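Every chain is named by a letter (A, B, C and D) in the order it is written, and numbering of its residues begins at 1.
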Amino acid sequence: MDEFDIERLSDPDLSDPVLIEGLPGVGHVGKLAAEHLLEEFDAEVVRRIYSEHFPPQVTVEDGRTQLACAELYAIGDAECDLLVLTGDHQAGDGPGHYRLTDTFLDVAGSFDVGRIYALGGVPTGELVDEPDVVGAATTDDLIEDLEATGVEFRENEPAGGIVGVSGLLLGLGERRGYEAACLMGETSGYLVDPKSARAVLEILEAAIGIEIGYDSLSERADEMEEVVKRIRQMEQGAAASEEDLRYIG
Amino acid sequence: MDEFDIERLSDPDLSDPVLIEGLPGVGHVGKLAAEHLLEEFDAEVVRRIYSEHFPPQVTVEDGRTQLACAELYAIGDAECDLLVLTGDHQAGDGPGHYRLTDTFLDVAGSFDVGRIYALGGVPTGELVDEPDVVGAATTDDLIEDLEATGVEFRENEPAGGIVGVSGLLLGLGERRGYEAACLMGETSGYLVDPKSARAVLEILEAAIGIEIGYDSLSERADEMEEVVKRIRQMEQGAAASEEDLRYIG
Amino acid sequence: MDEFDIERLSDPDLSDPVLIEGLPGVGHVGKLAAEHLLEEFDAEVVRRIYSEHFPPQVTVEDGRTQLACAELYAIGDAECDLLVLTGDHQAGDGPGHYRLTDTFLDVAGSFDVGRIYALGGVPTGELVDEPDVVGAATTDDLIEDLEATGVEFRENEPAGGIVGVSGLLLGLGERRGYEAACLMGETSGYLVDPKSARAVLEILEAAIGIEIGYDSLSERADEMEEVVKRIRQMEQGAAASEEDLRYIG
Amino acid sequence: MDEFDIERLSDPDLSDPVLIEGLPGVGHVGKLAAEHLLEEFDAEVVRRIYSEHFPPQVTVEDGRTQLACAELYAIGDAECDLLVLTGDHQAGDGPGHYRLTDTFLDVAGSFDVGRIYALGGVPTGELVDEPDVVGAATTDDLIEDLEATGVEFRENEPAGGIVGVSGLLLGLGERRGYEAACLMGETSGYLVDPKSARAVLEILEAAIGIEIGYDSLSERADEMEEVVKRIRQMEQGAAASEEDLRYIG
């Protein structure tokens, strides 16, 4: 295998597609949001990207192995065409993050992607009832547009910048002339957070003009709500059984 | 030395050989199994693979040094021809794992290898009396075949996927068109486990139609059994002398 | 992006400029000093240097993202022309430090830089009232010159050598024929230290014959002085509120 | 700078020189031994080898900086010509160890080196009064020769093999056809150990037929002896002042 190996599975015609990225990160917010899009729409996998910069492993599901990769899906039945980038891994080394993101941008470029939205979470350190969505973007115009949809742009947040593929999609994307934004749902940082993922997706709906159903995500959010309730009881002295914690990511 | 240096020691004619890999890992199950094959059959070293991705060291045996390497042995006196890949090291870096496994596949390809079996252990966290063998494979056909020999394919196991050369032999092997399986003996994860290695080899016998003697492995298993018994006594409060622990890997 | 991506923003005519480096390090002394120069003089950014050897991240300020980079500024209104190299990051890997510094030297060379001054801190492990400036240089002549301005050259200091870009600007700079010195202000190592930065800049004034105003730095030093006073009170048993610690870097 | 930068300082005519390596390691035995050779004989530095695989730093001595490097010295006034390789650093990454050692072998080859002796220590975990010298070599002939001089070749020692440049000089050296040995003085592993360095050098005298004076090393050994005595007193309950520990490396 070369440094990168791109498996070409399909080449649908897409009109000015928007790239949505949701890889693993804080509260799995970005990945949950991306997976929810794949569930709600008619998504077709178009590329698998393998790389020696991913961890040296295969995942196993029902005995079948799958080499570590990122997957790019096309969605043609939303109000605007989408390319959704997701997967189970970030790069394992610093230069690998740069090279992987460059490869993602190459692939996105081959589909004439317009805007880029990187989805993720921003850790607050405490449980959040009504998560806001914090933003960052490559242009002032895009900041203005997103502010109108309710995204908060804060002076020094996120304090440590945006790390990993999400950050580099903006940083390297801008160097290539893309307008790109990162939408980060507030999340405790301790739990898988479908509620935060929904908050992010609701902003995305307004930003790119699509409509998303939330039935499956609501269910998952309700389950987590139950977990959160028990954790709060624990904090107040009540004991939780191990069973209660099995949803904690 | 280049990134890889392949020492060519012999080029026997092999008919549709099966590649068996057993490098160090959980419970040393894979390595024990591979070494047992080398002991039971008439094995001839055919390649040594050196690489800067191995740890920067030599092993020393009776004063003689040997640069870190993986060794490929040919076995021609079993019911089917075998190539056994073993050694003392995995790669020291992530991309190195990919490149090393690619090199192993190149070498295997030069012998027209058919199927690939990666042998290893799956940690259970507790002592196992009758280790099952958990499997993972690149095709549904192979899963079906192996299920018939008693291999268990479980929904979410191994949970963390398969890491290192074993995992990549399947992942990268599949990209090259090989059918490949990983056979993982259940093992505590705390001890070198010849009993688990035997369980894996018994599956291999059925899977590729060879017969293996187990005298030497049984002896080693009996020794470990003795260690395990003492550990269990320890857990029940009895003290073990340091001497008892010298077999712990 | 290639391994390095140099953004060319301006090409002012500079006469025999001196390169001043101040990247993050002990007590942020070098970075504070460099930033103070940018504030006091009329500085113009001339190059941004991006690299896969920087951490994979963007910084965010008021919602606008900036890909990790180092920035080179030109100052033409001081008594001698200056090029000031600063940024938020060092390299993330060892070879990356070498390659990044080589790139910095390439860029500096394109402006016909004469001498090089790397600014930084040397940790003392305790609060310092009147920080001395410890030096290191590539030639005995330069050591002699700097000794005359009050720099201390000590037998075994800094004990661990000089690590990172500052050290390599001297080490690699010397290999290219540059005279280069590192000026290290004594600093506790626990706090951001504007007083130490001022001590370093005062030496720089004498060494290259420029005059620097210190109003803004004095203010910051006074703030830190206040923090230090409170810490000393804490050490004597008085409690400090969390508020007091917000300046600690 | 390229991956390696070799500074050529002198090219003396040497007759069938022996390469002696002593870089930092267990008890600094190898480095102490190498430095003692440079002190006792008329040594001339012939090469400095710089590399991005060394730590990114300069050392500072009396204010003068020196980029991280390894140094090769020629000794022409011993009973046989010597090339002594020493320095303050090992490589910072695994592949770097391989590439650095390859570069050392290239340089050694340009001087038509015959045999290679890597000097080092083997940790015993306890203070040793009369350190033996444990050996490892690339050929049985060399093992036999060294056994005759008192070197011990033990079944499973050193248990973890030989790591770093010393190990690779044997491993990669053998791949190039060199006869090479590693001489490892027993040492506690906790202290800089000139006594162990002397034991190693005494074997070297016999092995290659040179005579070495030991005055300076004896002095240093006596100092350490004093430290060891105090440590033993400490172990017996007597307290040692911080002063006593300043020689501990």
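What we mean here is this: a residue touches a chain if its C-beta (ideal position, glycine included) is under 8 Å from a C-beta of that chain, and two chains touch if they have at least 3 such contacts.
All values derive from a computational prediction rather than experimental measurement.
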Interface composition of copies subunit B and subunit D: same or different, split at half: different
Centroid spacing, where centroids are CA-atom means, of subunit B and subunit C in whole angstrom: 53
Separation of subunit A from subunit B, taking each centre as the mean of its C-alpha atoms, in whole Å: 37
Touching two or more other chains - residue numbers and ranges from subunit C: 93
Contacting chain pairs - touch in the sense defined above: A-B, A-C, B-D, C-D
Complex contacts: residues of subunit A adjacent to subunit B: 1, 3, 5, 50, 52-68, 92-93, 96
Residues on subunit D engaged by subunit B in the complex (per definition of touch): 91, 93-95, 97-99, 101-102, 135-140, 143, 153-158, 160-165, 167-168, 170-172, 174-175, 182
